[in-house]
Amino acid sequence: MSDLLTTDVLTALIAGGILAGVPLLFASLGEMVAERAGVLNIGLEGYMLIGAYFGFLVAYHGGNTFLGFLGGAAAGAAVSLIMVALCVQMGLDQIVVGIAITLVAEGATALIFDANFAESRPTLGATGRIDIPGLSQLPVVGGADTSDGSIFSQPPIVYIGLIIVALTAWTLRRTHWGLNIRAAGDKPSALDAAGVSVVATRAWATIFCGAMAGLGGAYLSITAAGLFEDFITQGRGFIAIVLAMLARGKALWVLIGSFVFGISLSISDVLQIAGVDISTDLVFMLPFVTVIVVLILFGRRSYLPAALALPYVRGAR
Amino acid sequence: GSDDSSSTTAASSAASIEKIAIAAPEKGNDYGWNQQGVEGATAAAESAGAEIDVADGSGYDDVEPVLRRLAQRGAKMIIAQASGYNTVAPKVAAEFKVPTIVFDSPSATTPGEVADVETSSQQGAYLAGILAAKTTKTGTLGIVISAADTNWFKQAGGFAAGAKSVNPDVKFKMAQIGQAAYADSAGGKRVTSQVIAAGADVVFGMGDGASFGMLQAVETAKAPAGADKVWFIDVIGDKTPIDKKGVLLSSVIWDFTKVYEQAIADIGAGTFGDQGYDLSVSNGISLLRTDHASDEVWAEIDDAQAKIASGEIDVPLTPDQAAVNALIK
Amino acid sequence: MSSETTAPSVTPGAGETAPVPALGRFAETAIRSLVPVLLALVAGGLVLLALGTNPITFYANVWSGGVDFTAWEDTIMRMAPLTLIACGLIFVFKAGIWNLGIDGQFLLAGAVIAGLAPELYGNMPDALMFFILFVVAGVVASVWTIIPAMLRAYYGVNEIITSLMTSFIGINLANILIKGPFQDAASNVPQTKAIPFTNLLPTIPGTRIHVGVIVAALAAVATWYAMSRTSFGLRLAILGANARAATHVGIPVARLIIVSFMVSGLFIGLAAASEIMGIWGYVRADWNPAFGLLVVPLVFLARFNAIAVIPFVAALALLTIGGDFATQEAGISNEFTLLLVGLVLLFMGVTELLGRNRNLGASYLQGIRRKVRVREETS
Amino acid sequence: MNEPIHNTTSRDHGPETIPVVELRGITKAFPGVLANDHIDLALRGGEVHCLLGENGAGKSTLMSILSGMVQPDEGDIRVHGEPTRLASPKRAIEMGIGMVYQHTTLVPTLTVLDNLMMGALGTFRLDEAGSRARLAEVAGMLGVDVDPDAETATLALGQQQQIEIIKALWRGSKVLILDEPTSMLTPRGVEELARALERLKGHGMAVVLITHKLHEATSMGDRVTVLKQGRVVGRLEPDELRGRSHDELQPVIVAMMFGEQEEAEPELVELQEHVVPVRGARELPREALLELVDVHVAPRGGELGVRGVDLSVRPGEILGIAGVDGNGQRELAEAIAGQRHVSSGEIRFQSLHIDRLSVWQRERMGLRYVSDDRMGEGTVAALPVGLNLVLKRIGQAPFWRRGSIRHAEIERNAREKIEEFAIRTPGPGTRIGTLSGGNIQKVVLARELAHEPKLVVYNKPTYGLDIVTTRTVRERIEALAAEGVSALVISTDLDELVALCDRIAVISRGRIAGIVENGAGAAQRVGELMVGGQAEVA
């Protein structure tokens, strides 16, 4: 067990937690905002996959990871336009379209990747990191001289992510956009009556969701894996939906949830490395089991926007 | 096992086989299990002068129609290249009376219909263990597996035994990505990074798609204290073409060609299914030779290989995590 | 406007109660079902062309792969679990409940009966064994819905979250069971002991088609009847349309939520039993056909009608069975099938919308219904 | 935003001044209904324009067209003489048209201030300080007092109404439309509203007031337009209104509203609210049919709950519950109906404890509940009228046999009720959601009063109904009482209670503040109790 306490292992634990947590953080942050505006993006997995593929593609051909992240975000946003057009605009069922997006994304990325890269299987190098001066030299939380860094030595995109979380929280609470988003999810007719376009509000929230999920996917392929692989998201989109709903509309809780989940995956690795025999089935179940137990013991009405997943039609009876 | 001495003669005498077929779960360009299977089958077909019908990328769930179709399209031998096919394939074999090769299901072997292939891959892993122990600077070896898979456990145990035969004090850091994370390359990278952070400078990695993530982790890793480089040892296939950074120390190659040739020969001889086949160091398991180790090391490995083939070295069989743990602790 | 239309009580023919001629309705349904498929095939064909594959050959191969030789039997057998899952989903979706934990329920039920079957096999008549296994599968899957059901019924916790979470847990639990207590001692791959394939579910004479297909057909009829003719179906519909009204009119809402969840689990369990006892005879660890995601949209497209869902299910089955062959022939990734299914869904939605605007008739989708009504009215 | 309201008082409204808003030939059809049929309407500054008409006459539709919510099929709109297309609510707001909808448009989960700031343009950040100042300004203009930080859901309906008005004025509207603002208000609330409207008129605003209460129209209105079946059937110009008393005007308006119907003139005159005589005492059996003993009901978010209510209702008795809305009336009604648990105390019906019985069981015993939320819970909008009429009989004969529906029975029943209650609907198969409020209410009543009721809880039974429907409903309540069916009538309308009830209980902050025998002076005492009750806790 003494192995557990070495600084290298603890650093790796944090690094692993961040690697696993950041994709979830981006995706569930986007989902949370869209849900507050009343749009349930069941197709999050699809956005992430597309973001992962195009992020990888841009990073690979452009030779620049930052461009890759932008490319992933743009691709995710582009796919979310399907949702905007079909669901927000025309009022088609969000769950049907969301699932269709996931299926199309799974099929399309596998198909194109297979056609282009199955033989060459390119990988990307390590994503460049920035070391926070001073702090990055600290043991465990510093991580300047390790493979995947630690809290104070991460690729800029991770810090940008934290800034986005803060900005999102502030925007939701303090700005007109935020107010509109909250109203669009709780009572779109009121927003409409106040002269604000429900469609536009929901559309922007959905595009934000697409961009964030695409960014999460791009992080997954560019930084977390350094390559693309069919179905690389492995169901993370659905986990992100769960996290977004558990966050009850609060950006901070998205942050906490994502990293708790990331760390719990990372802990299972570290325990195994330390020789503690533990079933990964069990460990993977743990965060969910914990949440369920908490819900059963302290279960109270969970907050979800009243108009979630309902199309808004002006004056409908 | 069966003797492989007759393979060449058998191939020429098996003129009755016009077509053989292979069904594999993933596409045959994965630098791994599926590619090895397809390449082995293609080579065997070629040497028998038979046509080859490849149904790769068949997945696990719809395989019965695939196998039936292969039979209906005239295959005289079907290779069901996945242990996941080992219940459905005999069913199709029985119905169409097509000799069928299955994996990891010894009890399925039925005269004239089904022959099972067992892989003694632990033998190759043993050799990999020797190579790793000779290469490591930190004295710590990493083992990463993508799933709770018997083949992975067998090789993990063989690897540990081989390494310990060189240096009894060598330490192991072993971790599994997930229950079935065969293709989770992000997970592969995460876990491999952690194993390296725990001090391993040679990582023995087993996975399908996940292997690519492991390789990437090794490529981008910062070497642990005491080492100047981190190495990766792969399994089943040969990833040299995609090893841009030169970190691929070796790979435990599974070459099915001889086994499939033998099966064709046995069909010709009317003995197919009388017994199963064993893929071992004597007929297809080997260690990929690279120039990342010295000739002396390779000589030592060749020596060990001969000893395993002759039975002088007995490689332990560790079919589950508990058995592996007993070896690496 | 003529003066007759001024009084609110005239023109009963307008909108709601207008009877649609039977033939017209049939033609519309055909158009609405075919057009999106054609559009998806065209779009998919462009993708194929881009990949250097001849779309005509490809689609011909999908058809022949799904029908030729004995593949049609596989296609029909594939319909059994899909139809049963669809029936299960209708019971919850109609009530406005999102049971998205299908895969967990399906796999857990499958794992349990695959572990149980070898124990029962040989100790009793096969018929009794199958009966017990179907019942057990249904019970296991429906028990697995209880947590989301109770949390939703008594605490109002959103069931999308909880059913997804219990699905992840169920999948892991199934694997633990398969690798642990149910592991076939004689096999060195993680899987349960198989019952001989000669003793799987009986088949319809003259075919390989197992009787699970008949179970599924009966389930579809029963579901359709329950939803459209019975008081139970109406209660579910009311719950789905207006939960507060359900309370007000004296429907025991909490109980109904739990019942509908459990009925849906029951059918999902039956789907697992039919698939495992009809085709596999055992379960491999990590086996996950992930039917859930594919069936959910079909249920919507069929507007929660268990009979109407059958053609959709048939198309999906044909596509999954034939698609494997076609992609192999073309040398492209078999994930193309997913792309095609997704495209069909998208185009169905769009066609539906355009169709409504041209007044083609009733719509498929709940969501667009309201929207479209208003459009018509305002135009 | 935040531009001050203009103080240009234009008292003289001769024909030469351009109306602020002018509607010409507005036509709007819904399936089966012509809601607006070539309507002309002009709104002038400094005037309250009353829009009257029976339920479903098309008032809300017309105003929704004016607020940009609904697009007309034909006709044009001029704002300050300029032809304008009001394509969206945003456009309408920009044109200075503020609307208070019939159904609330406040977001319940947001604070008052958030609700007011919504939609304001110009800045990216929410301007909280500026908004507070603006709130103080508008509230001052209206003469009301509001807490900007209260969560909207926790406010009483009257207060929500004030916020709706503030919201409509927020961006400096020149036109204020109020769609039935008074139906939920107490007489005092109505007085406050009238004063506020006076002030707004003083600021030169054009106000549209939709109401079903004629005395409000005659007292507050400067101009009256009467709609019927989508058409303008009568107008009263300022000079016709000025100087004539309510009693003189009432028959005129009533004749316009209902004149074409076969009802005889004398009957119509009786429609006047004040003409209905106060009920005298009746002989009733002694023993109680319904008894509440120290009943407590736990509140849910923002409610007061019920805190120890004792009540008894005798067979055939009509007991009124008076009080300001939001003082525990709904909680009480739901507890009796079985939609909520009683946290302590006892409810006895026909001498049986029914606390543990389900809604369904109570319904079978003859205990009925007419909800005040006919759209939200009383009906299922997506289902046809026919099914809505049997919602509380699901699975029962004759509508269901062995669990299977019998459409013929349901259809027969529906035709019967449509006839009996004069429900205006294209047919039994019409989705109920498309009917007008009054007609939905009739469906609800028809359902609750069928199958031998013994006691009916009516929560605001005539809320939003036109005079004829109101009268029908009241007559039914009385007729049933005469047959021995008791009634518990919850209403914020004192006149209604005085007209109907044997006794009137006053509810205040979840408690019964007192019970008054109806008779001369009852209204006075109820009013005192309502005020006293409030003072007691406040």
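We call the chains A, B, C and D, going by the order they appear; numbering starts again at 1 in every chain.
Just so it is clear, a contact is a pair of C-beta atoms (placed from the backbone, for glycine too) under 8 Å apart; a residue touches a chain by one contact, two chains touch by 3 or more.
If you're wondering where the values come from, they're calculated on a predicted model, not measured in any experiment.
Novice: Where is the C-beta contact count highest, in terms of which two chains?
Specialist: Answer by contact count: the chains A-C.
Novice: What's the distance between the Cα centroids of subunit A and subunit B, rounded to whole Å?
Specialist: Centre separation, subunit A to subunit B: 36 Å.
Novice: Between subunit A and subunit C, what is the separation of their C-alpha centroids in Å?
Specialist: 28
Novice: Where the centres are mean C-alpha positions, what is the separation of subunit B from subunit C, in Å?
Specialist: Distance between chain centres, rounded to whole Å: 38 Å.
Novice: Could you give the separation in Å between the centres of subunit B and subunit D, each centre being the mean of its C-alpha atoms?
Specialist: 77
Novice: Enumerate the residues of subunit D that touch no fewer than two other chains.
Specialist: Correct list: 70, 381, 434.
Novice: Scan subunit B for residues touching two or more other chains and write them down.
Specialist: Residues 27, 148, 179 of subunit B touch two or more partner chains.
Novice: What parts of subunit C, by residue number, touch at least two of the other chains?
Specialist: 172, 175, 333
Novice: Every pair of chains that touch: which are they?
Specialist: A-B, A-C, A-D, B-C, C-D
Novice: Touching subunit A in the complex: which residues of subunit B?
Specialist: Touching subunit A: residues 27, 29-31, 148, 173-179, 181, 183-191, 193-199, 209, 212-213, 215-217, 219-222, 224, 239, 241-242, 244, 321-322, 325, 329 of subunit B.
Novice: In their shared complex, at which residues does subunit A touch subunit C?
Specialist: Within the complex, subunit A contacts subunit C at residues 40, 82, 86-87, 90-97, 99-108, 110-111, 113-115, 230, 235, 238-239, 241-242, 245-246, 279, 281-282, 284-285, 288-289, 291-292, 295-296, 299-302, 304, 310-311, 313-316.
Novice: Please give the residue numbers of subunit A that touch subunit B in the complex, ascending.
Specialist: The touching residues are 3, 6, 8-9, 11-13, 15-16, 19-20, 23, 114, 118-126, 145-148, 220-221, 224-227, 229-232, 234, 265-266, 269-270, 272-275, 277, 279-281, 284.
Novice: Write out the stretch or stretches of subunit C touching subunit D in their complex.
Specialist: 1, 5-12, 14-17, 229-232, 234-235, 237-238, 241-242, 244-245, 247-252, 376-378
Novice: For subunit B, which residues are in contact with subunit C within the complex?
Specialist: Touch list, subunit B to subunit C: 27, 54-62, 64-66, 68-69, 72, 83-84, 86-88, 90-91, 94, 104-107, 147-150, 179-180, 182, 319.
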